[in-house]
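These are the structures in question, set out in turn.
After this come two complexes, each holding chain A, first together with chain B and then together with chain C.
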Partner chain A sequence: MNPQPGLRFTRFTAWLLTRSLLLLAVLITFIPFMWLVAASFKSNEEFFRSTFLPMREGSWAVDWSRLTFDAYKRLFVEVDFGRGLINSIFLSSVTGVLATLCCAMGGYALARFNFKGRGFCTALVLAAVLIPGPLLLAPGYQLLYNLGLLDSFAGLILPAIAPAFGVFLFRQAVLSGVPTDLLEAARIDGAGEWRTFMVVVLPLVRPMIGTFLMITFLGVWNNFIGPQVVLQSPDKFPLSVAVAELKRGYYSDYGLQMAGTVVSILPVMILFLLMQKDFVSGLAAGAVKG
Partner chain B sequence: MTRTDAPAKDGFLPAWLSPGAAVIASLGLLACVGLAFAPSTTSEGRVMWTFARPHYLMYESRVEAWNKTQTPKIDLKLISLPAMERRMMSAFLGGVPSADLIEIERRAVSRSFAGPIESVGFYDLTDRLKQEGLLDAINAPSFSPWTSRGRVFGLPHDVHPVMLGYRADLVEAAGIDVSKIETWADFAREFSKLQVDADHNGEPDRFALNMWETHNDHLELLLAQAGGGFFDESNRLTVDSDINAHVLATIVTWIAGPSRIAADAPNFSAAGNRLKADGYVVASFFPDWMGDIWKHEIPSLSGKMKLMPLPAWKKGGPRTSVWGGTMLGIPKTAAATPEQFEELWKFAKELYLSQEFTEILYRQGGIVTPVKKHWSSPLFDEPNAYFSSQPTGRLYINLAPEVPHRNSSPYNTLAMNRVADSLVRLAEEARRDKVYDYASLKERARVLLKKAHAQVADQIERNVFIAEPDAAETVRPLQTGAFAPPRPAKRGGVVERSETGEGSWSPGTQNDQIAAVPSPASPAAKRSSPRQRGEEARGPQSDVKAGGGA
Partner chain C sequence: MSAKAAAIPASSARSPLAPWLFLSPFLICFAVFTVYPLIQAVLLSTQTTFGPGATRFVGANNFVALFRDPLFWKACSNTLIYTLGSIFIQLPLALGLALLLESPNLRGRSWLRLVLFSPSMVGVVFAAMMFGLIFEKRTGLLNQLLHGTLGIVGIEWDLDFGWLQQHVMLGLIVASLWMYVGFNMTFFAAALQNVRKDLVEAAIVDGAGPVSRFWNVTIPAIRPVAGFVVLMSVIGSFQLFELPYIMFSSSAGPDNRALTIVLYLFQNGFEVGDLGYATAIGWALAVILVGCTMVQRLLARGEEASA
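And then the complex of A and B:
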């Protein structure tokens, strides 16, 4: 039965209002991004002359001749930003994969293995979550120096492959998603511990793997202080540091900085669009009873 | 699907690997291949850090020339100031090497002065500077930001006197004679004539001065010019001084109320540059380095600007102040032997004190050298096209000896922030209550500064090393005395620390003399235990003659 015309009108108005508000929110969110992209195509002088795209006098048409690819060209030719891109991808993906694997193993062990000191280990992991990162900067620097890992990728990757947050996250995921009966059945069928972990546990925590991988990837991609302190050779800098290094001293090349920022956020934006299903399913895991 | 069901396989991928995770893993593999074939650079020689691109560009040719004829080779590296500060402090606190020479800015270095004087990460250069006559050869105020408890830890790079830059085209068109302006009151009276409300919106379209309650640098330089500030020469906290209250109250009369003459055109920002180019503010504070920045960022004002000395707070008072500052220091971990120290020291002097560098510094950065003998160079009399052909170098040099001394306390930034908070609060209250008379503002400023003073004092009291100003240490700035700074020793390229964590020679001593034990009167000796002193004397180089600093 069709609803009454009045009700239909009310529903349409509500639909229209909701969409309009969402569209407005999207526009507001996009304004800084559009400004950033527009600024990356401007010279320093043009940067001060127009807020968004440069317009021709007396009309609303864009003056395309005042836009330039110069900043992007300089970014990859003069500044060697491509190297920063490779470094960022390497650091983020390797740390992400290793951290996911280590945290999954650690979380599984804490959740399903009975060993002496398990409670203490869990408490230790929880306590480690509470320690603020900046507090560990100086002792971490000293430790890395003593291990000979300063100015190396290993100095950044190794301390990040077993974050307490991740171990605890996977512990909770295993507790709620991997029944003990299933593990026992696998063992009875002759599976070793490694096989049980790879074939039974990991598939059951797959949503968490996607989510945690994405969180770690983004975290390492955006990490600024760690690489800034540990890495000292410019050819090892990831994008987060390389972008900051574009602003040195007292004056700025705004076009170059904006182009650098665009290049540094595009890969993660694409990756997030690719992985958003995994990301959301991981976040929602446990929210609804299966 | 129940929660115990395994997810279905995605094509050829294992059940636990989602397509997104596979993409990330593949990216990692590709990046590994990319990095395997990418060329890598290796550092050669001694490493020097600098934080400003203009400095880096100035030093490139000098370092290249040095590396061709001298040893050790210097590897100049440009890193951002926050990165430098973090690495430097991490290395100092961890007792591990950082760079061999560190060029660092005033506020960043002050953090390294927070502990006991003998634990500062840089070599104490006081005695060496004295011996070589550099304390007299270099403009005295330039040492103050690197002087902690009477000891100097860096070679000064600059003087950075401050003048007032103004839009000469506007000022001269209005018939204002700046030579008649002596005080800030004169300035406010004369320059306020330029504040016109052309669009009749009830607010001027142009303001006399670029100043706002959030401009901490401007606040600090005005306090210093007035003779106020945060600490006195004996390191006593002076946040709640009468001078500071006077400056704060006056600033609020500039930025709020019926006699407002100032507006906000932030420095180092696109928006601020645009306001300056549009003539929204007529006058701005100009340290010597600022001219070069305006040339790059606001080229449209070339030939329209002029400089004048800062108006004084009272007739006959100082007509300048100071903004910024850089030093070159040698970390203790950089040189384990006197020879290594000498090599670095020689390069530091060659870089900062030569006539060639004076020219580069001024031509490329507009910066005036602190070396007084170079001030007579005709270089500084050359007309500057950006500033309507004024000889800007000479104008700054004329003011250089008047530059106020500054304190190097690690609590300077905290104190400045608290005073800045007081200024913001004072301005807010004035606007809210519409109370703009100077007397009421000053009274209120006193109350706010008293509170700020208590907050800073509370923080300082927690630091046992510098909580109490020690007259013996602080009232004799730059005097020499026996002193043995602690430092790690380097053996076979590996930095080691003695049991006490201390080394055994002083750069202040010549002919490889060793200042093995602090003088009984020195602060280091007062604090170290007999056991520590004994171990210092038996340090890695205790076979060399022991003696106090010269």
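And then the complex of A and C:
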């Protein structure tokens, strides 16, 4: 059957319109970051001469010789930004692993044990999700002051390893992914509670472990207000605070600020691309079901 | 769900302590770092402090002062404008993108979804750094792009136009669009899977055009997720802090035009050193957000009941 010419025309218009709008969205997504990366390799004079990459006179070829690693050199040699990178990696991974373990254990207990107080604990977890973080900022700071934990990594890690929504997520994951028969079987085989958890439960909730590790890792990496409030010594600053310090201390040195921002964003982007499959689908599925 | 869980036979081999041991790391940390500070937040809001050590009881004075504090109201109105901006600009765009991604025979759909989602992985601090540089006067991307493109049609764009000085809220909203449109799109895209194909086809048979199909079939199907997305946007927007604080170089912007509720809380608690007043601001925020959550839940329940 041949569609009418008019219909074919509107179809083509719709095709063209959707594709160009999507292309526009992709461009708007990419351009700021691409510009940032390109500009971080420029000298101060070059900022004014080209918007993206420097071109040779009268041609479309990129003039690579006008690009420089200078900003990165200064970033790691003069400012010691590598320290911030190491601090961020350390804080994010330690918090991520501890929080995941803590929440998986708690979620498993709430989902697959019968005990007095389970209802109360579940209600507590659900209610805690409502508390906005900024409310606890000042009293949390006072607590860390009294415990002598200000300006320490422990003061950042300990409050972050018990997020209530994590327990909730793992409770859901265990309810839907760990059959009771399997737990009974493990018990009949003589496995202790801890062994059952490690060998039977954890492998069954692996997708949630991946998603939650990623959420926590990113959350700590991107957290600014926590380390800004808790830490005082510059050698303990993670990237989020270190990059803000660049803006304070080197406010007219755009190259340095750009390089610092690129170094802070890139690891997260690489990690995201490596783990994206489970992450995006898991997140969306959780929203629709929840 | 709880009924199903309750049906587990209480095996005699299981120690009654086991669940508590599994819960203990969480419960201890939760008690120390969430429950205790929450109780302290009640006490702190009745005190004036000079740093974390020196406190003085002032009763309800913090809340009285808060009500009369023009800067607090300024922070509230700025936050509200930003929130409305994120709901009424951001969410329709996110839904639009999700619909575009649904178009038939689209190649690279999952790649597109991934690309559009990726900015939300960038931390607010880093996005704020980036957009601060983009809005910069002479060297910024925006002024250079405008100068270049408008130059072609003969308009001389001022390279020294101060976006951050002239259009404070616009800067914040644009940066948050870049960060979160793709994120919200992901939820709408998942919700669009709930649209029943048979209803769409029935509507086509009945002669309904695309606009009428959108309002009568698509919107009702995605309404529950949309309610959730709106609530998340409100909660997130009301806690806006890093974006203005970093973009305006550790300040609240010219004339406090970028002052938000959490930024004001931060200034009072950690620049002035009055943790009591900061906590009072925190309570105001909590009341607003818990209120919004309750309203959303009531609305959702009402819809379920009438459906």
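We take it that the second predicted complex is superposed on the first by the 229 of 290 C-alpha atoms of A that agree within 3 Å, B and C clash if a C-alpha of one lies under 4 Å from a C-alpha of the other, contacts with A are read in each partner's own complex, and residues count from 1 in each chain.
The definition used in the following text is that a contact is a pair of C-beta atoms (placed from the backbone, for glycine too) under 8 Å apart; a residue touches a chain by one contact, two chains touch by 3 or more.
Everything numeric in this text was worked out from a predicted model, so none of it was measured.
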**Request:** Could you check whether chain B and chain C clash or fit when both are placed on chain A?
**Result:** clash
**Message:** Is A:275 touching anything from chain B or chain C once the two structures are fitted on A? First, second, both or neither.
**Reply:** first
**Message:** Is A:141 touching anything from chain B or chain C once the two structures are fitted on A? First, second, both or neither.
**Reply:** both
**First, second, both or neither for A:86, with chain B first and chain C second** = first
**Message:** Just to be sure I read the superposition right, which of the two partners does A:225 touch: chain B = first, chain C = second, or both, or neither?
**Reply:** both
**Prompt:** Just chain B (first), just chain C (second), both, or neither: which does A:47 touch?
**Reply:** both
**Message:** Per the contact definition in the header, classify A:65: touching chain B only (first), chain C only (second), both, or neither.
**Reply:** neither
**Asked** Taking the superposition as given, does A:112 touch the first partner, chain B, the second, chain C, both, or neither?
**Response** second
**Prompt:** Comparing chain C with chain B, which touches more residues belonging to chain A?
**Reply:** C
**Asked** Which of the two partners, first being chain B and second being chain C, lies in contact with A:233: first, second, both, or neither?
**Response** first
**60-68, 348-356 or 456-464: stretch of chain B that collides with chain C** = 456-464
**chain B and chain C contact sites that coincide on chain A, given as residue numbers** = 47-48, 137-142, 145-146, 225, 228-229, 244, 247-248, 251, 254, 290
**Fill in**
As the complex stands, chain A meets chain C at residues 14-15, 18, 21-22, 25-26, 28-33, 35-36, 39, 47-48, 51, 101-103, 105-106, 108-115, 118-119, 121-122, 124, 128, 130-143, 145-146, 158-159, 161-162, 164, 167, 175, 180, 184, 187, 193, 197, 218, 221-225, 228-229, 240, 243-244, 247-248, 251, 254, 257-258, 260-261, 264-265, 268-269, 272-273, 276, 280, 283-285, 287-288, 290
**Request:** Sort out for me which residues of chain C touch chain A in the complex.
**Result:** 1-2, 5-6, 8, 10-11, 13-16, 18-23, 25-30, 32-34, 36-38, 40-41, 44, 49, 52-53, 97, 100-101, 103, 106, 112-119, 121-126, 129-134, 136, 138-139, 141, 144-145, 148, 178, 181-182, 186-187, 189-191, 193-194, 225, 228, 235, 238-239, 241-242, 246, 249-250, 261-262, 265-266, 269-270, 275-276, 278-279, 282-283, 285-286, 289-290, 293
**Request:** Please give the residue numbers of chain A that touch chain B in the complex, ascending.
**Result:** 44-45, 47-48, 83, 86-87, 89-90, 92-94, 96-97, 100, 137-142, 145-146, 176-179, 182, 198-200, 202-206, 209-210, 213-214, 217, 225, 228-229, 232-235, 241, 244-245, 247-252, 254, 271, 274-275, 277-279, 290
**Message:** Quick check on the complex: what are the chain B residues that touch chain A?
**Reply:** 1-4, 6-7, 14-21, 23-25, 27-28, 30-32, 34-35, 38-41, 43, 51-56, 77-80, 82-83, 86-87, 89-91, 93-97, 268, 270, 273-274, 277, 289, 292-293, 296-297, 299
